[in-house]
Each structure stands twice: as structure tokens, then as C-alpha cells.
Amino acid sequence: MSLGPYTSFIVASYALVTAVVLILIIAIAIDYRSLRQRLRELDQSGITRRSGRSAADLR
Amino acid sequence: MTAQAALIRRDIRIAVRVGGGALIGVLFFLTVVVLMPFAVGPDLALLTRLGPAILWLGALLASLLTLDRLFMADHEDGSLDLIVMSRTPLELACATKALAHWMAAGLPLIVATPVLGLLLNLDTRSTAAVALTLLAGTPSLTFTGMIGAALAVTLHRGGLLLAVLVLPLSIPVLIFGVAASQAAISGLSFGAPFSILCALSLVSFVVGPFAAAASLRHGLD
Amino acid sequence: MTAQAALIRRDIRIAVRVGGGALIGVLFFLTVVVLMPFAVGPDLALLTRLGPAILWLGALLASLLTLDRLFMADHEDGSLDLIVMSRTPLELACATKALAHWMAAGLPLIVATPVLGLLLNLDTRSTAAVALTLLAGTPSLTFTGMIGAALAVTLHRGGLLLAVLVLPLSIPVLIFGVAASQAAISGLSFGAPFSILCALSLVSFVVGPFAAAASLRHGLD
Amino acid sequence: MRVWGRGVGCVRGGREVFSRLHFEAASGQALAVTGPNGSGKTSLLRLIAGLLIPATGSIALEGGETELTLPEQAHYLGHRDALKPALSVVENLAFWRDFIGGEAGDTNKSLAAVGLDHAAHLPAAYLSAGQRRRLSLARLLAVKRPIWLLDEPAAALDTAGQSLFAGLMGDHLASGGLIIAATHGPLGIAAKELRIGGAS
Amino acid sequence: MRVWGRGVGCVRGGREVFSRLHFEAASGQALAVTGPNGSGKTSLLRLIAGLLIPATGSIALEGGETELTLPEQAHYLGHRDALKPALSVVENLAFWRDFIGGEAGDTNKSLAAVGLDHAAHLPAAYLSAGQRRRLSLARLLAVKRPIWLLDEPAAALDTAGQSLFAGLMGDHLASGGLIIAATHGPLGIAAKELRIGGAS
Amino acid sequence: MTLIDLANPSKFLSLTARVLPWLAAVTAIVLAIGLYQSATAPDDYQQGATVKIMFVHVPNAWLSMLVWGVMSLAALGTLVWRHPLADVAAKAAAPIGAAFTFLALVTGSLWGRPMWGTYWEWDARLTSVLILFLMYLGLIALWRAVEDPSRAARAAAVLTLVGAINLPIIKFSVDWWNTLHQPASVMRLGGPTLDRAFLVPLLMMAAAFSLLFVTLLLAAMRNEILRRRLRSLQMMQARAFSSEVDAGSREKTVPFGAA
């Protein structure tokens, strides 16, 4: 597949879109993990929600 | 005296006595205009062409300067509580306060326009056109800015954050204000952009008070 | 921690929490720059020419927006009484507060200049020149503005005539700042206006704190 | 006329301040809200004044002018005194009289009643703490409203001022008014007590 | 250590507030300044704190650290509480401890002493009126200074808070401190009285 | 599953836990198809191969506006219906919307360089998208600047609704002002004028990005709910460890979404 004289622009835009989307996904995943982790720590220190269920319990 | 008249009188009186607002606004306006010749160099034709834009920018930024304490001051001394509790609908009270602010801070800018027009080498007709667009447009700047002032109370925040939130909202007014003045100067149809400007103002008269009142009601504590 | 460090830390912390910090400063600057094309039209060459003036105006506005409450806020909640009574000389405390204000309101703008230079189509050299003039000049805006802020406390109820006399003091700074940047861009001699700018700054570093402290001392009641 | 609350709960800044509070006050009655610092006295008054929204329960007014809400028939006197330092004493009072509306009285008479007539044309910035408080009290007299919500009204008043104010409250109750006041000390008039918060 | 004033006169806003006032307080003593609203209690404290300049007469300190002025050795607790709502409770206290300087104590201990330790990380905007007052009092404990100038220190405090504060004042006097306090009610400790203004 | 059920954050968490994997899988498949189709699409006779940028530029541009629309709906949910998930959705959507807007801007400039000879032009559409980006950033700053989420939610809701005024300006800017930028050729009255060879991959990519948005939004909303739960638990913990000397310590914490 030849992309003509502007290959770099096309490749750059696709690469950028990929990068930003990946960053979004990874950021959300990392955020999820750290939140889960901190909730679990709180759970171990004996703090529970008022409804009596465990803090790390996601349901 | 009706509640609204009392509110207008009080706010204008405070603005005049404390001074700050209106005077600093006009001076800032002046500063913007005085600075331009240094920025664009001694090219008088260019300066004339830029005239309306400079005046509009100055007006926009100057109105921003004093607006952010519109509700904050009343909140801090407890007046806002009483205003919310009063029999005047909050939307009406907000609109009244904005009107008072415009009379104290916006009107002086329009009065100052002819002088500044001289500095920018605008002829009488152009100056009149710019003054007219300012007269039609600056109230709308105040009324959209009011939303930011109300958010300042809700958020306990002020300063640059508000400017950032409010400035984008005032861009349409700026566009059509400058467009109308340019049209008047270059002899194009003044009516079309000017009527859009007036329409924008009318929209802001409705949206502003309601948005501000909603934000104030939710922000009480 | 020394008293001055504590004061700087507190003021910056409040500025960041209330005003939103450096990120907001950058956003604000960005918004002001984005406004310009709407006002003066999408002519890139013209924008480039206006670039330094726009950046300087943005800096002036950003410092004015928050400066007028520099001492007023401390006065209203009684902090100023304690600052006056403390073992730190009042001049030093004033200078420290101004420095903190500049770090919270001025510095972010300078950091943001390169980004804005791109939008305004300034080349690297010009951007660097503007950033340099801003670095040399904005502290002086804060330090002269401080006098007005102190007068605002003193003249609480006397009309702000004197405070209004202070804004014009910042006009020379503005003019030489823009002139120096223009010179750098157009390849003229950068040194002459820049050294005047630096001299103005140095003068304001001395005059500002002393004038402000004197005014605060007289204004106590 | 009767103001009552049933099972009122208050949440501020994400924390529960009090819950399941019951109270009631009728025409001619004073209710003294007491409790330790931070127990929620001010919060309760602000709930009644409509400045906060109850998290649970409800607050209502029976009787009174039917087309007006509870806040619109109430005076709220908070910690902050709603005075503008740049305006003179009469200007401050006259503004609130005109703005609050309703049955308005004479500002000079109200000022005289709180002992501020001699200072009428002074800027409010010149007032001492007790004088500011007196000026706020004058607002209650300048406009007639049946419900008074008072937050530590006697703070900063001298002994003469406190007994003067007790007299004003007595007159208000006698004319069919209703008072709900948060206080740490004695109120100076006969009042039911509503205690919130733990022991103190 | 002794603080005294001779023939002190005070003029504010062009009007004479009081004149020819004599007073004196020594280490271990408390002086209660009383008088009707607007008689000049606050003005007197501000004169002593160096925040106003006497129109006539003079105020002086004998003893104490000689290279420091009277205001530099005094704590002033005014009607306004010098708190920033955007900062948390400890941040507010820590700032004043660092800024006022001198012999600094532990913020946590001071907060605990006024019963605010549980709220240490709350923004000061969330505090109730009494809690704000307690936080101001914590400042007196966080930095040690021999002279305390207090303007209605017990305002907004609940009864527990008032007796707690009376205890703190007692400790301060016992350790050689000196207190001058404007007040409308009883101070809670033994004190000389200085009465200004007419009868009331 | 009715809307009422979804109003409960715990139910929302359990439902999304089941739905998310499937949604992610569908997104990936549609995206793969879209990418394949755009790779095999013919060159434009005018624009050459650069037309391929369209397949990422246009979906991102559409989404930048769509996300604000979704946020405006959520704002109504906060202000009018007081739906408990509305502000969670609004807060979670803002950074995603900002990312799409950023991509629209950057891919647009990368396309502009070969087509117009410049990366940036102060053209009405370009500038209004830049303002949209600024407003996204302003909203994110607002969410970050205020730590009490319910307070921030209401302010952000008012602002989002007012900012929605910008959407028609962006959409019609090319019609109102004569500018460099293409007028609408897909989303217009009278049907699309674009060639089928470009239209099909474009619509496929648009579907893929929309699915991506929904997936990311749901995941971010889950995070936001957990974050609020964590915040209320931490406040409870601070209280539990404090001494009980003062009346203030009897205050309890109301956990977000306690069932």
C-alpha cells in the first residue's frame, strides 16, 4: 500500500489516535486497580460500609 | 420603593463609594487602548482598522475584572441569605444585580468610548457605531459573566478559574459585536450582525439569571 | 520554617485552592489568546504582530484580577492585624506576599508562553524574547499593583482615587515590555528597552513594599 | 400559626450533623435551641429558613399567610450581619426594609428602639461589634414578620442591650409572633428548650 | 512584667471614644475591660496591641524581653478570627505558629486542648461559629507569648468551652502570663475590672 | 433492567461488571473491521491518500460534540431529575470527551498541512473546536478544584448546559462563515454526498469510536463510584480514630450510595 507524499502525516495521525486511546484505557485501568487496592486496605483495617458489607465488595 | 429599585440603588451606591470597580474598569480599558499603538507600531490605518476590535476586547476584559465578586461579597457578609429568603424571586434579584453592575461598570466604558475613539483615529460615525454595539452587547457580557459569579459562590472559588469558565461563553458576543462595528465602518450591512448581537443579548437576559439563580440555590449552605 | 516561607506557602496554597493553580493560569492565558482572532480577525500575520501585546495584556489582566484583594482579604478576616503585630517587619511581609502572588499568578503565565507562541505563530526566538520580557516585567506589575492593593485597605471608604493612580504606574512597564519584545522580533536592538524594563522592575521592588507598608500602617483602625 | 419539624435530618459536607429531630413552636412561643459547639444549632435554623435542604424529614408551617412560604414570612438573623461597611447605618437599614418588603415600619423609630439613633449617619464600618448587632436587630423591627429565626442574638450585646432585646422579644411574642433562637446562655424570656447534640 | 497606660485617649473616625484612661496589669494578673457597647473596649485593646495610635497619653511595657516591642510579645484575639476558609484546620494553625514565630508548640496538642483534634483535616470553611472560636484560641497555645489581649473571647463558646477556656487562662496566669480581656459577661477567673464608658 | 434499578450505584456496578467484557469485545471487532476497510479504501482523486486521515478525524470530531451532548443530558439529570448517577456520568465523560476533541484537533491539523498548507488557521470551525477543548479543560479543572463532589456536580451541570450553546456554533460555523473547512457532507439535510467507497468505512469507524466511548464511559463511571465510596470510607476512618472528647465526634459519615 503506498500512501503518497504525505505518508508521515497519515501515519502520525493514526499513531497519535492509537496512543491517546491506549493512554485513556491504561489510565482507567490503573485508576481501577489503585482504587480496588485502597478499598481492600481500608477493608483490612476494619472499616466497613454502613450497610455492613465489605468495602472492597463491588456488588 | 420596590425591592428591585432598592437593590439597584444599593449596589450602585456601593460601587460608587468603594470606587474600585468602575474606575479600575475604565482605567483598564484605557490601558488596553493606549498600549495598542505600541504593539502595532505607528501605522495609523492599521490602528483604525483594529479600533473596534481593541475597544471590544477592552470592554470584555474590563467587565471581567470586577464581575467575579458580584455575588461573593453578598455571600461573605450574609446578605445573600436574606436575598434568597426574600419575596423577590431569585431570578429577578439576580437580573437586578447584574443590571446594577452593568450600570456601574459597563455604562462608564461606553461613555468613555468617544474619547478612546479619538486615540484610535476612528471617525465620528465609526465611534458612534462602536458605542452602539457596545451598548447592545456589554449587558450580555455582564449577564453571561453573572453565571460565573454565581458559580464562584457555589464553588467557593474565584479568580482565574472563573475567567476560564466564563470567557468562552462570551465569544459569540465578541464576534458579532466586532463584526457589526466593522460592517458599519466599511459601509457593509450593519443590520444583520447587529440584530444577531441584539438577539444574543436577549438570550443572555433569559439564560443568565436562570442559570445564576439555579447555581446559587444549589450552592447555598 | 521561617515566617516568610510560611507566608509564601500559605498564600500560594490558598491561591491554588481558590483560584485553581498553575494549570488554570495556563488555561486562562490560552483563553485570552484564543479570543484575539475572534476580535481582530483570522489574519495570522497581524496576530503575530500583535502577539507580544496580547501576551502582555493577558499577564496584566491575570495579575489585576486577583491583586486587588491581596491585602483586602487579610484585612477582612483579621489576619492583617496579626501580620502587623508580628516580629517580621511589615515591609518584608508585604514583599513576601507580593512574591507569593507573583509565583501563583505570574509564573504560570511565563511557563505557558511557549505554547501560546505556537498559536500566535511566533518563532522560537521571538517566543523566548517575550518570555524573557515577561519574566523581567511581571514581577514589577505585581509590586506596583501591591501599592494599590494596600491603598484599597486604607481607603476602605474614601473612594479609591489613589488606587486608580496606581494602575497608570504599570503602563510604562507594559510599554517597555511590549517594545522590547517587538524589538527582538523585528531584529532591532533588544537591549535598550529591556534594560529600561529591568530598571523599572528594580525600582518597583524597592518602592512597592515600602509604599505598601506605609499605607497599611496608616490605614490600620 | 405553628412551625414544626418531623424526623428532620441534616447532612453537611457529606457528614451527618443530626438526625430524626422533632420540634414544634406556635404563635406566642419561643423555642430555645441549645447544644454544644458544632452540634447543629445554626444548621437547624438554616434548614427552617430554607437555606439548607433537609436530608430527611420535613419542616412545615401551619397557618400564617397561605400564599407565602415559611422563609418569606421569617426573619433570619445569622452570625454574619448582612451590613455593608460603605453604607451608613440608616442606608443599610432602609435598604433591607425596602428589599425585604412586607409591612414596613419607620427606620428612625427602629434605630431609636435599639439605641442607635445617634449613630444613624455614621458609616457601618465605624460601628463596634455590639452596635453592629443592634443594627441587625433593628431590621427585625423595621419590617414586621411573624417568625424570627435568631442565631445567638445576644452575642456582643452589653447587659443593657440584652435586657432591651429581651423586651423586644417579649413584645413580639405578645403580638402573636414566634421565635426560634439558638443560644448558649439564657435567652431572657420564657422559652421551651430544644437540646441537640450530646451532653456538654 | 507590667503593662500600663497613663492618660490614654482614643479618637476614632474624628470622634473621641474615651480619654484620660489609666490602667495597669502585671504578670499573673488578669484585667477585665467592661463597659457598654461602643464605649471603646475593642479600641483600648487595639491601642495596646499597637494597631491604633493613642491620641493622648502613653502605653508601655516594663520587663519582658527588652529587644521586643509590646505588640511583638502579645497575642491579639479580635472579633475577626484570622482564619482562611480554604485551608484546613491544622494548616491554619500551623501557618500562624510558623509566622508568629517565637517559642512554638505542637499544633496537634493545641488542637486537642481546645477539643478540635477530630476536625484537624476539615477545611476551616466547615467549622461552626464556636469551632472557629476554639481554633482561634488554639493559636494562643501553639505559640507562647506572655501577654494575651482578648476581645470577648468567650463569644460563641458553649458552656463546656467556656470552662475549658477559663482553665487555659488560669494556666497562663499561673505561668506568669498577663491577660487583658474585653468582656460583657463574667470572665471565669479572678480579674481586676476596668470599666470604661458611662453607666450601663 | 429499568432506569430506576440503574439509579442504585451498587446495581450499576454489578450490571456493568457483566456487560463490560462483551462491550469491549464488540468494540474491538468493529474497530478491526473499520480499520481494515479504511486501509483498503481507494485514494481520493483530489486528496490522494491523505483522505485516510478522514477516517479518524471525522469520528473524533463527531464524538467531541456527542460527548458534550451526553454530558448536557447528564447535567439535566443532575439538576432536574436528581438522578444519582448523572453527575458520575458527567464527571467520567469529561476527560474522554477532552481526549476525543484533542484528537480531532490534532488529526485535523495533520490533515490541514498537506491540504491547506498550514497546521493551524484561525478559521471559525477550528477555533470553535478549540474553544470546546478549552471548555472541556475548564470543566475538568472545576471537577478537580472542588473536593466535595455534590457541590462540584451542580456547578459543573450549570456550566455544561450553558456551554452546550457552543455545539450549534461548531456544527453550523462552516455554513455561517465562509471558511476553509469542508461543509457537512454526511450529516446534512438531503442525505450524504460522500462517495460510498468512503462513506462505509467512515461510518464503520464512527460506530467503533462510539462503542469505544460507551465502553470507556462505563469503566470510568465504575471508577468514579469506587472513588466516592473510598472518600466516604476515609472520612469515616478519620472519625473513628479521633478522640471522643468533643461533641463533634458524634457526627457520622453518610457513605455514597449506601444501599
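When the chains are written out, they are named A, B, C, D, E and F in that same order, and each has its own residue count from 1.
Heads up, the rule we're going with is that contacts are C-beta pairs under 8 Å (C-beta built on N, C-alpha and C of every residue); 3 or more make two chains touch, one makes a residue touch a chain.
If you're wondering where the values come from, they're calculated on a predicted model, not measured in any experiment.
Visitor: Figure out the least number of contact steps between chain A and chain B, where 1 means they touch directly.
Guide: Step count on the best path from chain A to chain B: 2.
Visitor: For chain B versus chain C, which are copies of one sequence, does the interface use mostly the same residue numbers on each side, meaning over half shared, or is it different?
Guide: Since more than half of the residue numbers are used by both chains, the interface counts as same.
Visitor: For this structure, which two chains share the highest number of contact pairs?
Guide: That would be the chain pair B-C.
Visitor: Using mean CA coordinates as chain centres, what's the gap between chain A and chain D in Å?
Guide: About 52 Å, centre to centre.
Visitor: At what distance in angstrom does the C-alpha mean of chain F lie from that of chain A?
Guide: 15
Visitor: Could you grab the centroid distance between chain A and chain C? Build each centroid from C-alpha atoms only and quote it in angstrom.
Guide: That pair's centroid distance is 40 Å.
Visitor: For chain B and chain C, let me know how many angstrom lie between their CA-based centres, rounded off.
Guide: It comes to 23 Å between the two C-alpha centres.
Visitor: Using the touch rule from the top of the page, what residues of chain F touch 2 or more other chains?
Guide: 131, 134, 137-138, 141, 145, 246, 248, 252, 254 - these are the residues of chain F that touch more than one other chain.
Visitor: Identify all positions of chain E at which a residue touches two or more other chains, and write them in rising order.
Guide: 12-13, 79, 86, 119, 131
Visitor: Residues of chain A touching 2+ other chains?
Guide: In chain A, nothing touches at least two other chains.
Visitor: Where on chain B is chain C touching in the complex?
Guide: 17-20, 23-24, 27-28, 31-32, 34-36, 38-41, 46, 50, 53-54, 56-57, 60-61, 64-65, 68, 76, 156-161, 163-164, 167-168, 171, 174-175, 178
Visitor: Taking the touch rule as given, give the residues of chain C at its contact with chain F in the complex, in rising order.
Guide: Residues of chain C touching chain F: 17, 20, 23-24, 27, 30-31, 34, 37-38, 41-42, 44, 47, 119, 121.
Visitor: Hey, which residues of chain D end up touching chain B in the complex?
Guide: The touching residues are 12-13, 46, 49-52, 68, 71-72, 74, 76, 78-84, 86-87, 91, 94-96, 98-102.
Visitor: Which positions of chain B touch chain D when the two form their complex?
Guide: Spelled out, the residues of chain B in touch with chain D are 1-3, 5-7, 9-10, 13-14, 17-18, 76-79, 81-88, 220-221.
Visitor: Give every residue of chain D touching chain F within the complex, in rising order.
Guide: For this pair, the touching residues of chain D are 11, 13-17, 35-39, 55, 197-198, 200.
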